[in-house]
Amino acid sequence: MRRNAGPLYVAPLALWLCCFFIVPLGIIALYSFMSKGVYGGVVHRFSFGGYTALFNPLFLTVTLTTFLIAASSSVITVLLALPAAYFIARSARKNLWLFLVIIPFWTNFLIRIYAWIAILGNNGFLNSLLLATGITSHHLQFLYNKYAVLLVTVYTYLPFAILPLYSTIEKFDFSLLEAARDLGATVSQSIFRVLIPSIRGGITTAILFTFIPAFGSYAIPQILGGSDSLMLGNIIARELTVTRNWPLASSIAMVLTVVTTFGVVLFIRLNRFQTVTTAPEAFTAGGVDGDEQ
Amino acid sequence: MRARAVFLAGMLLLSGMCGCQKTPSKRLYIYNWTYYIPDDVVSAFEREYHVAVVYDMYASNEEMFAKLKAGGGGYDIVFPSGDYVSIMIREGMLEPIDKSKLSNFGFLDTAVLQKIRFDPGCRYCVPYMMGAAGITVNKENVADYERSWSIFNRSDLRGRLTLLDDMREVLGAALRTLGYSVNTIDEGQLRQAKAIVMQWRKNIVKFDAEAFGKGFAAGEFWAVHCYAENVFLELDSTQASAADFFIPREGGCAYMDNMVILKGAKNKDVAYMFMNYILDPSVYARIVDYLKLPSINTATRAQRKVTPRYDLTDLANSELKEDLGEHLERYNEIWQEIRIGR
Amino acid sequence: MNSKRGFSSVVFTLVVLFFYLPLVILILFSFNHSKTMSWGGLSFRWYEELFFHSRTLWNSVFNSVIVALSSGLISTIVGTLGAVGISWYDFRGKRMLQVAGFLPLILPEIIIGVSLLIFFAGIKLKLSLFTVFLAHTTFNIPFVLLMVTARLEEFDFSIVEAAYDLGAREIDALLRIIIPLAFPGILSGFLIAVTLSLEDFVITFFVAGPGASTLPLHVYSMIRFGVSPVINALSVVIIAATAVLALSAGNVFKYIVRK
């Protein structure tokens, strides 16, 4: 048997995370149990104040809004990304398409948001088009509500869903689909029972890459949202800067971290369990669970 | 071959742009609001005094303070508003100002200096600019209007109005409408102010501190609660002539931004040179002409060439914001209720 | 198969249109004489200002490029190696590392920014472009890690096992088998890392030292005062430059391969 090279591979990762992530996370954990300084920072005195302040019905409302926006944008994003990634993976000019997908996102984020304002505004391109073609007789209000936030969230995170899906679909052996068809499966059966199960790692990653950033979203609701779309990210930023309640901001972050960690671990477990039980062994060539020793 | 030529050209362009800037021995690190000093004023100072200025920008007092508070820094001069000056004094973040090194300090309007309660006698700060938020109205779309906060009560303008996303400014406007102080900590007065803002909230599109200028320029918004310079920088000349900025007659929050030296600043001598340079009447004239703000420098008033959008007399009913200490919490709770709508 | 291919190409086309629609607007505005969103005639004034009067802006562009490339590279290396270790080996603390590996994704940006700043101040590390690089690499690592893990997960370890049986050294297996196999994942991870780094404002705001402004910092500081159309012109230049670089890099690559 060979020497186990695992620790060697993960050493840089572990070291980096320890230095630059675990330590800061520890700082936040400590801060969440301290008293608030009147002018920001913390007073070194133990307190549950950060956590009791969480029992505020306002936070519940905002968390719910945030979850709904993040979840629906994540679902829409992945549904759009799947066929797009499939197309890239099956194309002969993969790298060209990949760059085509990512390049718009190398411009400044704020500028792209302003471009959306120019498109969706009351005097914007879309409204002008609708008026000119006579589809509507008056301006439609597209901006400054949760739908605008949803649209631009999907826009912003779509490439982050396409890329992981592409990199797993690219590897998929498409002759399996034909094999399934030969064995009498319909098109949709072959896709849902053969393709989807074997790229589930990519789907999971795509969901994580869209849901989590959308959940912490700050600038999009700030600029494009209306009075119905205040999100958790905005509240945390406010507590840290405007009201200077660092323990509260820390405790929100801690609760967010713990809840999401459980959620994600559970999600991955369930996801794995389900695919293992539904994926026909013959079609997945036995290689799917290579990581589960 | 062609590809390589393109590549080489690209690299040359890159190296050409990074390279070759001679750096003078003296340096000055400034942390300031965006566009608050015209670029040519800074470069003129650099040439005249052989100083290299490193100039970073922020968009709000809160962001600047959070960064300095968490340990960020390395700056010599910062430009906080009055309420943040008193906070920074209390937190021991500022160096006292030695006025003997500022020969131009005497040009500052004593009437203005007397209004300062955040640092009486200016022991830690050098006032830079005074102004207030007001309302800009698009005269093409809004024919007649009163120069008052009551414009936000007009349901015929529903969906065309924005208020600043700033609790002190908005509650301050409501408090002044009721005739109360913008620095009140009286629960009853605050509740009345909240009721007024909830009325306004029905007619506005959103609380916005980022996109109102662009929105106004695009004809999206017809009356916005704003700082004048933010909106007018977005307008071309025809649009600007159709826009009217006013400070509502009830008054509201006024601000005074100040130059301060951070504790432990490494380039104090240069910092004094810079502050004195800014206070020079002709230099200050270029700044207020660019911003079209009122001058707090008495000698500048005769020299300036551009009439400001409003005068200090328009601020008669306005009040300078003061730090509220722990009472800010109450404002915050009320503001959250307003934002979520209950 | 054909119907599926037809469907996917339709969706892909729509997605690309969706992506480029704001870009078209942006290009249009960069040639707009008026600084507002209404058309004021064709003009190159924003390009003129960009190339002749925007020293600090270019400075921030270069800072951004340096940080994006360096943090993209380092996070891709660290993340890829970590993904190989996590996917194909068993060791103590593996589960913990897996969880720690995606946590930076969850913490709100502003919290990461402030806590890193407190940490840097605590260890007396002077803020500079280097601290920005450290922070960006930290939030980029989870993306690369998950991306490459997702790709590797689908492979059969027996390919590598076979190579070892044939006498391959660890380093050969890594460079000749594992990396080529995982390459689409690695490339995607790198692209995501560069993109995130080019976009980040909140974290950078806190950890940047004096004079180390990146492009987003520069642009966000304009937010209250109206973002100048010069930034539109800059975006067009950046896109054109990346397109040219990407194409010429592709050609150079082909040229080397042919040789």
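When the chains are written out, they are named A, B and C in that same order, and each has its own residue count from 1.
Just so we're on the same page, a residue touches a chain if its C-beta (ideal position, glycine included) is under 8 Å from a C-beta of that chain, and two chains touch if they have at least 3 such contacts.
Since we're looking at a predicted model, the values are computed, not measured.
Undergrad: Quick one: point me to the chain whose Cα centre is farthest from that of chain A.
TA: Checked the centroid distances; the maximum from chain A is B.
Undergrad: When I count C-beta pairs in contact, which pair ends up with more: A-B or A-C?
TA: A-C
Undergrad: Hey, how far is the Cα centre of chain B from the one of chain C, in Å?
TA: About 34 Å, centre to centre.
Undergrad: Measuring centre to centre with CA averages, how many angstrom lie between chain A and chain B?
TA: Distance between chain centres: 36 Å.
Undergrad: Could you please state the distance in Å, as a whole number, between where the Cα atoms of chain A are centred and where those of chain C are centred?
TA: Computed value for the inter-centroid distance: 16 Å.
Undergrad: Would you pick out the residues of chain C that each touch at least 2 other chains?
TA: Residues 37-38, 114, 118, 220, 223, 227 of chain C touch two or more partner chains.
Undergrad: Which parts of chain A, given as residue numbers and ranges, touch two or more other chains?
TA: Only 114, 117-118, 121, 123-124, 240 qualify.
Undergrad: List, in ascending order, every residue of chain B touching at least 2 other chains.
TA: As it turns out, chain B has residues touching two or more other chains at 60, 63, 66, 70, 210, 214, 218-219.
Undergrad: Which stretch or stretches of chain C touch chain B in the complex?
TA: 34-38, 40, 53, 56, 58, 62, 114, 117-118, 120-122, 126-127, 205-211, 213, 217-218, 220-227, 241, 244-245, 247-249, 251-252, 255
Undergrad: Along chain A, where are the residues that touch chain B in the complex?
TA: The touching residues are 38-41, 58, 61-62, 114, 117-118, 121-124, 141, 143-144, 222-223, 225-227, 230, 238, 240-245.
Undergrad: Give every residue of chain B touching chain C within the complex, in rising order.
TA: Residues of chain B touching chain C: 3-4, 6-7, 10, 14, 17-18, 29, 31, 34-35, 39, 54-60, 63, 66-67, 70-75, 209-210, 213-214, 217-219, 227, 229-230, 233-236, 239.
Undergrad: Within their complex, state which residues of chain C touch chain A.
TA: 1, 3-5, 7-9, 11-12, 15-16, 18-23, 25-26, 29, 37-38, 77-79, 81-82, 84-91, 93-94, 97, 99-112, 114-116, 118-119, 134-135, 137-138, 141, 143, 145-147, 149-157, 164, 170, 181, 184-185, 187-189, 191-192, 194-195, 198-199, 201-202, 215-216, 219-220, 223, 227, 231-232, 234-235, 238-239, 242-243, 246, 250
Undergrad: For chain B, which residues are in contact with chain A within the complex?
TA: 60, 62-63, 65-66, 69-70, 87, 90-91, 159, 165, 167, 201, 204-207, 210-211, 214-215, 218-220, 325-326, 328-329, 332, 336-337, 339-341
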